[in-house]
Amino acid sequence: MDSKKLTKDKFGGFVELLSKQKLYVPQMVGETLRFAPVSSKDEVDLVFSNTVVPPKSVLFPQTETLYEYEAGGTELIMPEEPEEKVLLGVRPCDARALTIVDKLFSWDIDDPYYVNKRENTTIIGLACQEPGINCFCTSLGGGPASTEGIDLLLTDLGEGYLLQPLTEKGEKLCQDAGELLVEAAGEDRQAAESLHQEAAEKIVRKIEVDTIPQKLEELWESPLWKNISDACLGCGACTFLCPTCHCFDIQDEMEGFEGRRCRVWDSCMFEEYTLHTSGHNPRPTRRERTRNRVNHKYSYFVKNFGTIACVGCGRCIDNCPVNIDILDILSQVVKEAI
Amino acid sequence: MVDLEKLKNVAKETVSREDVKYLVGWRQGTYGFRVSPHFMTKPEDADKLIFSPLCVNNLATYLTLAEKLPVPRGEEPDTRKVALMVKGCDSRAVVQQLIEKGIERDSVYVIGCPCQGVLDLEKVEEKFPGVQSPVDVQWGDDKFIINLPDGTQEVPREELLAQKCLNCRYPNPVISDVMLWEEVEAWGNGEYADVKELEAMDSQERWTFWQEKFASCIRCYACRNACPMCYCEDCVLDRLNPQWVFRSNNISENTVFHLARAFHLAGRCIECGECERVCPMGLPLMSLNRKLAKEVREKYAFEPGLDPESKPFQSSYRPDDQEDFIL
Amino acid sequence: MSEQYEPNIVAFLCNWCSYAGADLAGTSRTQYPVNLNIIRVMCSGRVNPLFIINALQQGADGVLVSGCHPGDCHYMEGNFYARRRFGLMKELLEYIGVDSRRFNMSWVSASEGGKWKDVVEEVVGKAKEAGPFEQFRRNKINW
Amino acid sequence: MNNKPKIGVYVCHCGINIAKAVDVEAVAEFASRLPNVKVARNYAYMCSDPGQLLIREDIKNEGLNRVVVASCSPRMHEMTFRKTLAEAGLNPYYLEMANIREHCSWVHEDREKATEKAKRLVFSAVAKARLLEPLYENEVDVEPATLIIGGGIAGIQAALDIADAGFKVYLVEKTPSVGGRMSQLDKTFPTLDCSACILTPKMVDVASHPNIDLMTYSEVEEISGYVGNFDVKVRKKARYVDVDKCTGCGICAQECRLAGRIPSEFDAGIGKRGAIYLPFPQAVPAKYTIDPERCLMLTRGKCGKGPKCEAACAAGAINFEQKDEIVEVKVGTVIVATGFDVFDAAKKPEYGYSDYENVITALEMERLVSASGPTGGNIVLGKGEDAFVPKEVAFISCVGSRDKSVGNEYCSRVCCMYTAKLAHLVKEKLPEANVRVYYMDVRAFGKGFEEFYDRVRREGVRYVRGNPSEIFKRGDKLVIKAEDTLRSTPIEDEVDLVVLAVGLEPRKDTRQIIDLLRLSQSADRFYLEAHPKLAPVNTATDGVFLAGCAQGPKDIPDTVAQAKGAASSALVLLSSGKVKIGAQISFVNESTCRGCGYCVEICPYSAVELVSVNRMGNMVQVARVNEALCKGCGACSAGCLSGSIQQRSFMDRQILPQIAVLGGVR
Amino acid sequence: MKDILNPYKPEIATVEDTWFETQGDRAIKTFKVVFDNEEKRESWEHRPGQCAMIGVLGVGESMISISSSPTEGKFLRFSVMRAGKVTQALHELEPGDKMTVRGPYGNSFPVDDWKGKKILTIGGGIGQAPLRPIVEYVKANRGDYEDLTTIYGSRTSGDLCFKSEFEAMRERGDVNVHLSIDIEEEGWPHYVGFVPSLLMEVNPSPENTIAVTCGPPVMINFVLQNLKKLNFADEQIYTTLENRMKCGFGKCGRCNVGNLYVCKDGPVFSYATLKEVPEAFA
């Protein structure tokens, strides 16, 4: 299907159309921007850099009930089928991240909780025009208008949006929008193209990643890891806010006579993450944990899935309280003589 | 006044000492206004050291953060000192750790850096957005001198001063083995205007305020891990038996987590502001701590982190402690 | 708040004074509201301040901590610690907007059966005014 | 221990005490459906023999390993049911009680609501019961010896009783002689026995008893340890007289350059002694002591051409080089019999004690009327040519007692009667004298007291109801201004001698002993007994007992009775040779303890200490509980930030489920 | 939800029998469990070395190796050491009680590839649990294998699991049983010393032999060294790893050693594989 154009006066109508499904857009919750369900179309504002919490929080919520039960009972009450969702305003890096998480959750055995939600969700991307200072998506095969993982990509042209349907879901949406949209003109497409170009040029932080997986294997015992992790506080800011991190814990929780088994986000940066009940910890210090995090993203994941589990969104750099900078680590890895 | 040459020289001498394991100071970060803790073991690492209005991190956290690994049989544990650069507020953390025996006096070598107040990272990044290359900032008279890539800017001190510094009463280290330069005059009067503002609201308004904050917490534990006073090897709030807080993320568990943490810091928090600074979700956690600090100071006439010989607040009482709340 | 709303109070009583005082109230057949349930501890100093948060989280509408009068503690100083801890916890809970009528502390001696009744009535009455506690109650709605 | 909890729940009817307000059958039925409950029964009287049998049978037949009894207050029957469990071979601490009588059926009339509450309380007990752990009461050996602090009549009596029972006693007295206050008295009320005559034999017995180690002129320096095992350090102060050589001949005292120039403590200051002295003729031991604060040799380093005492002592007992000696002893029990101080009459300036020579205290009066006193028992005022025999004698009662203005709200219990006794003695010795007693109330509650009071009044002593407001001098006479409150008339009486019936106060060194033994004070500042009714000789510190006026004002018979009580309490421990240590005490999870020492600071019994342990090669400090010292209050665990110190039977993880149950039911 | 495919959804199983293998704070209790669902009971298949996630509702789940061989019957056996919250709750279970079971997870010992070979198992403590199915499997298919030798030790005789079974094997003589304890004990007729030393004592020939070891990390390290001394090739040596696990099938992340997941790619690894994985012996 060809690109469409949505003028801003029709935007309200478009949001209303999307609201037929459960619509999530970036909104302020407390002090930070994250994807949250919309109750009125006035809440929708697509002027933002990027959400602090990535959209994975909708498809892989921080806390998710696996099943419920009653105290002393043996019957497991399974959750209902997920409702259909639309995520509006997903940045291309985050959409790419979802394709990475997809690989893990449909690897070997499907994870029904994630996969069912993912299938039921339409991702409407929004091309970046003002990348953040720590964005480095272009180094990882993405870009401000990358289309991977997106069903429908929006580019803000000022007076309206250029809509590029990329999948059947995207095309269906455009069809449903019908009258609200007009065919995009060639100049609209060109304008979008050059906006994408401009945005890509604004990204100054770069890294050559090709040699990294190999280098990491060689640097296993390098003092680099100690140096990097000395300052690490061992918090979960980098992993919880990473759009590709997907580790979780499973916990039983009781409220009175009712109980549930649920999964909650977990972080490989936490000490308890690998702690055996015997007291033995195969990753006893922040050094091993930092090393694992970097290796997992740039080496193990490549071995298992053929891709780096990082999209260059820059969140871990923005949010690290002690300025542990993944690009800095990677450039040290690249530079490090074996 | 800040004397970087002296700072580097002292650092070089210090790490050269036989009884010092390593030194923790600050260095320029990888971008913009960020700085990073700098761990140095060799004199040549001193070149990277800085001390500027950007040095907000409280490095005292690292005294208790380092893991105590099993010592192989036949070997002696490394009991050499850790050398630490401290501002006034940071030094109170060291004192408080001494009070509660988290560290021993001879396990630390304290290098005092009298401080004129640090920058509020959020404010400065908002004022000068999109600055990628590392920025150098200096103290001027009642102003910050900010050397941006496209020229130097001067900003009045009050505009960019970190919240915790606005009313600082302890800009000079209260404990040190060496003081790097002369002490500065304290400017704060210890008012708790921010706390009073919230106190003035009614109960329902206060809950409305806190509800959305607690709801947005992602429980990354950065607040706890950055806190120089949170150093239990096994936090009670992490434990499964008894389980005080469930791992699931919701308003109930998050609120209880923050209440319990704030309570555990009562009479211990030295108001370095790290919990609030490191919170990726921007929770005003210092407000909780400052509320309790206010009560502890005003109603119990106690201030933590000043005298290493003092009794910890939570393990002492006075027969005439306030009790107007008792039925 | 419906008229039939009956608050549920969790009370922590020290064994030597307040629990005995409540026993005395019983022996004297003093009538008081049913809404308060007692957990016996040996000393009010045993009351972990986190119990107060935990009770609210686990569904209580109000909490009472009761110990010996100052100077009367069976263990000499436990109630002084309890007083300090409770005083601060109270400030903290109020600060985040929990109705201060929900948490109370009292001194009730073994001979004060009558005072115990007054305390129960006051605590229950205040909790009734404050209404059901929902703010950070652990709740299935959160699931 | 790792077995599945199988709980038996027993709901008691208590006749109709519970059953009337609570549907006990419904409660038992409810309990039977709770998790881990194997059986739930209700019965008329659980505490009766058949009731207990029911539990024992179930433990055996149903394999119960936890028991919940829903009945009366655990303060009533917890011990009963613990025994029941033990008899059935189950650890007694596998018991949890739900108080559905005092806290439920007796205080709620609404049967439906009371039943619901009883269910909740039972549920809460079940929730805790499933997490109970077996506990064991440890026993420690008791060192077969007692330390008695204070050598007055209380200490002497207790020492003799314990020594006679065959146990070692260390009797420590601060002054050079035993005897205490009683030795200063002339006669005793109401029988008018001669105080010295009845006391002196006991003093001699104490000194000669083979089981008593008498340490006079000594002070307790340090006490550590716990019931059964106290380590005591006693400082034997230097007497500068070798007691082994001193024959007690007294020539030294006569020779002393300061002889007759130092106020004698024994004579309450109205008699004088020298720098080397025997406190009083009957002193035990009859050994002289040099007052180091007065002796010229000891204060200035020289005494004329040489100390005369040294020269005079044929036995060569004087030794100015003598040093204090620290003696360490080990005892199983301690009796505190430190006595009292008399009220300092100078604190009531309106009575002019500091200003007028002829305003004296009752203790001074005792010495004045005593045959062994400085006047040989003659009531004579003034000195030399000015000496005269008083004709008008006034007693003022309640000086420093029942008086909030001086901080003594209590009644000193002895003043009324000693006043009567002294008034009687005055009348006896000076039959012509007018004797008046100004009083608030006369409390004559003891055996023979009222009769004695009557007798004294019959003898002509006038009792005037009214507290004098002022005493001043007019010419040679003292004027007492008062109001006769019975007649509501102002009085101004001129008298020769005013005797102030001063009250009894806690000793000034009370605080020291409190710190030594971790005792507490009651509001009147005397030592606090463990229970005013049921444990009047015990203290909150196990193994430490009180005797005599240290615990509060009393007369001699009461003091002796309490001393015997303290002795017998100590003997219970000594003769059994073992003492049980409570089981519900604290313990530390050393692997999570961070050694902050909060618990150490908090513990009122110094039962927690920090010790160094090796944690995988690193030396770290952790807290450790001395089980013999821990009293099981649990204050430490509430103050532990890492939850590492916990109190057995009241652990966080046992209480949290109770909170969940009691909080969760709406 | 389409729960038929939901790998998180456990089956309910009933504890048929339990007994304690060892006593003490870290007691080991064995459970014999049977699925409530008859269909599941029939369709369940597992191979020696595999694990299952067993749990108690309201408490949690724990990954435990299946210590029975499929050849033993339509039941599962688990031997559980009491350590954390979940294993404590499991220890409270008695016959008739329910537990949740899901799995089987992980790879298995390639017992069919080992046909015609001599089998040597070397276990320590609770580490015998994953080895027991091999022994049982080989016993059940005795003709397919050459010699079967079992070396097993623990700290004291009280810490030995499956004692009566070893005695029975020794009596029958179809398995060469070598038992050891670390510390001298009165009346102990067998070897005293550490398992790796006993291995050297037994001195097995590497020829046509597969050696499988499981036990505490320290023991495994020394056994591996000694096997190398005895000239076993890397490919002849197998071991199992354990790590903290939550999901059981490679999603939750925590059990990885390098890029391998213990739950999915393990728990059975040949020494040849493990040697290449940097984190394997952490």
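Couple of notes before you dig in:
The chains carry the letters A, B, C, D and E, assigned in the order they are written, with residues numbered from 1 in each.
Throughout what follows, contacts are C-beta pairs under 8 Å (C-beta built on N, C-alpha and C of every residue); 3 or more make two chains touch, one makes a residue touch a chain.
Small disclaimer: the values here were computed from a predicted structure and weren't measured.
Touching subunit A and subunit C together: B, D.
Using mean Cα coordinates as chain centres, the one most removed from subunit A is D.
Subunit C has its Cα centroid 36 Å from the Cα centroid of subunit B.
Rounded to a whole number, the gap between the C-alpha centres of subunit B and subunit D is 50 angstrom.
Mean C-alpha position of subunit A lies 73 Å from that of subunit D. Subunit E has its Cα centroid 66 Å from the Cα centroid of subunit D. Shared interface positions of subunit A, i.e. residues touching 2 or more other chains, are given as 71, 249, 251, 255-256, 262.
For subunit B, residues touching at least two other chains, in rising order: 69, 236, 241, 244, 246, 248, 250, 314.
Of all residues in subunit D, those touching 2 or more other chains are 591, 602, 639, 652, 656, 660, 664, listed in ascending order. Against subunit E, the residues of subunit D that register as touching in their complex are 2-5. Those residues of subunit E that touch subunit B in the complex are listed here as 60, 84-85.
Contacts from subunit D toward subunit C in the complex involve residues 73-76, 99, 101-104, 106-110, 113-114, 116-117, 120-121, 124, 518, 520, 523, 540, 584, 602, 604-605, 631-635, 637-639, 647, 650, 652, 655-656, 658-660, 662-666. Of all residues in subunit B, those touching subunit D in their complex are 68-73, 75, 77, 100-102, 231-236, 239, 241-244, 264, 311-312, 314-316. Those residues of subunit D lying in contact with subunit B across their complex are 591-592, 594-602, 610, 615-621, 639, 641-643, 651-653, 656.
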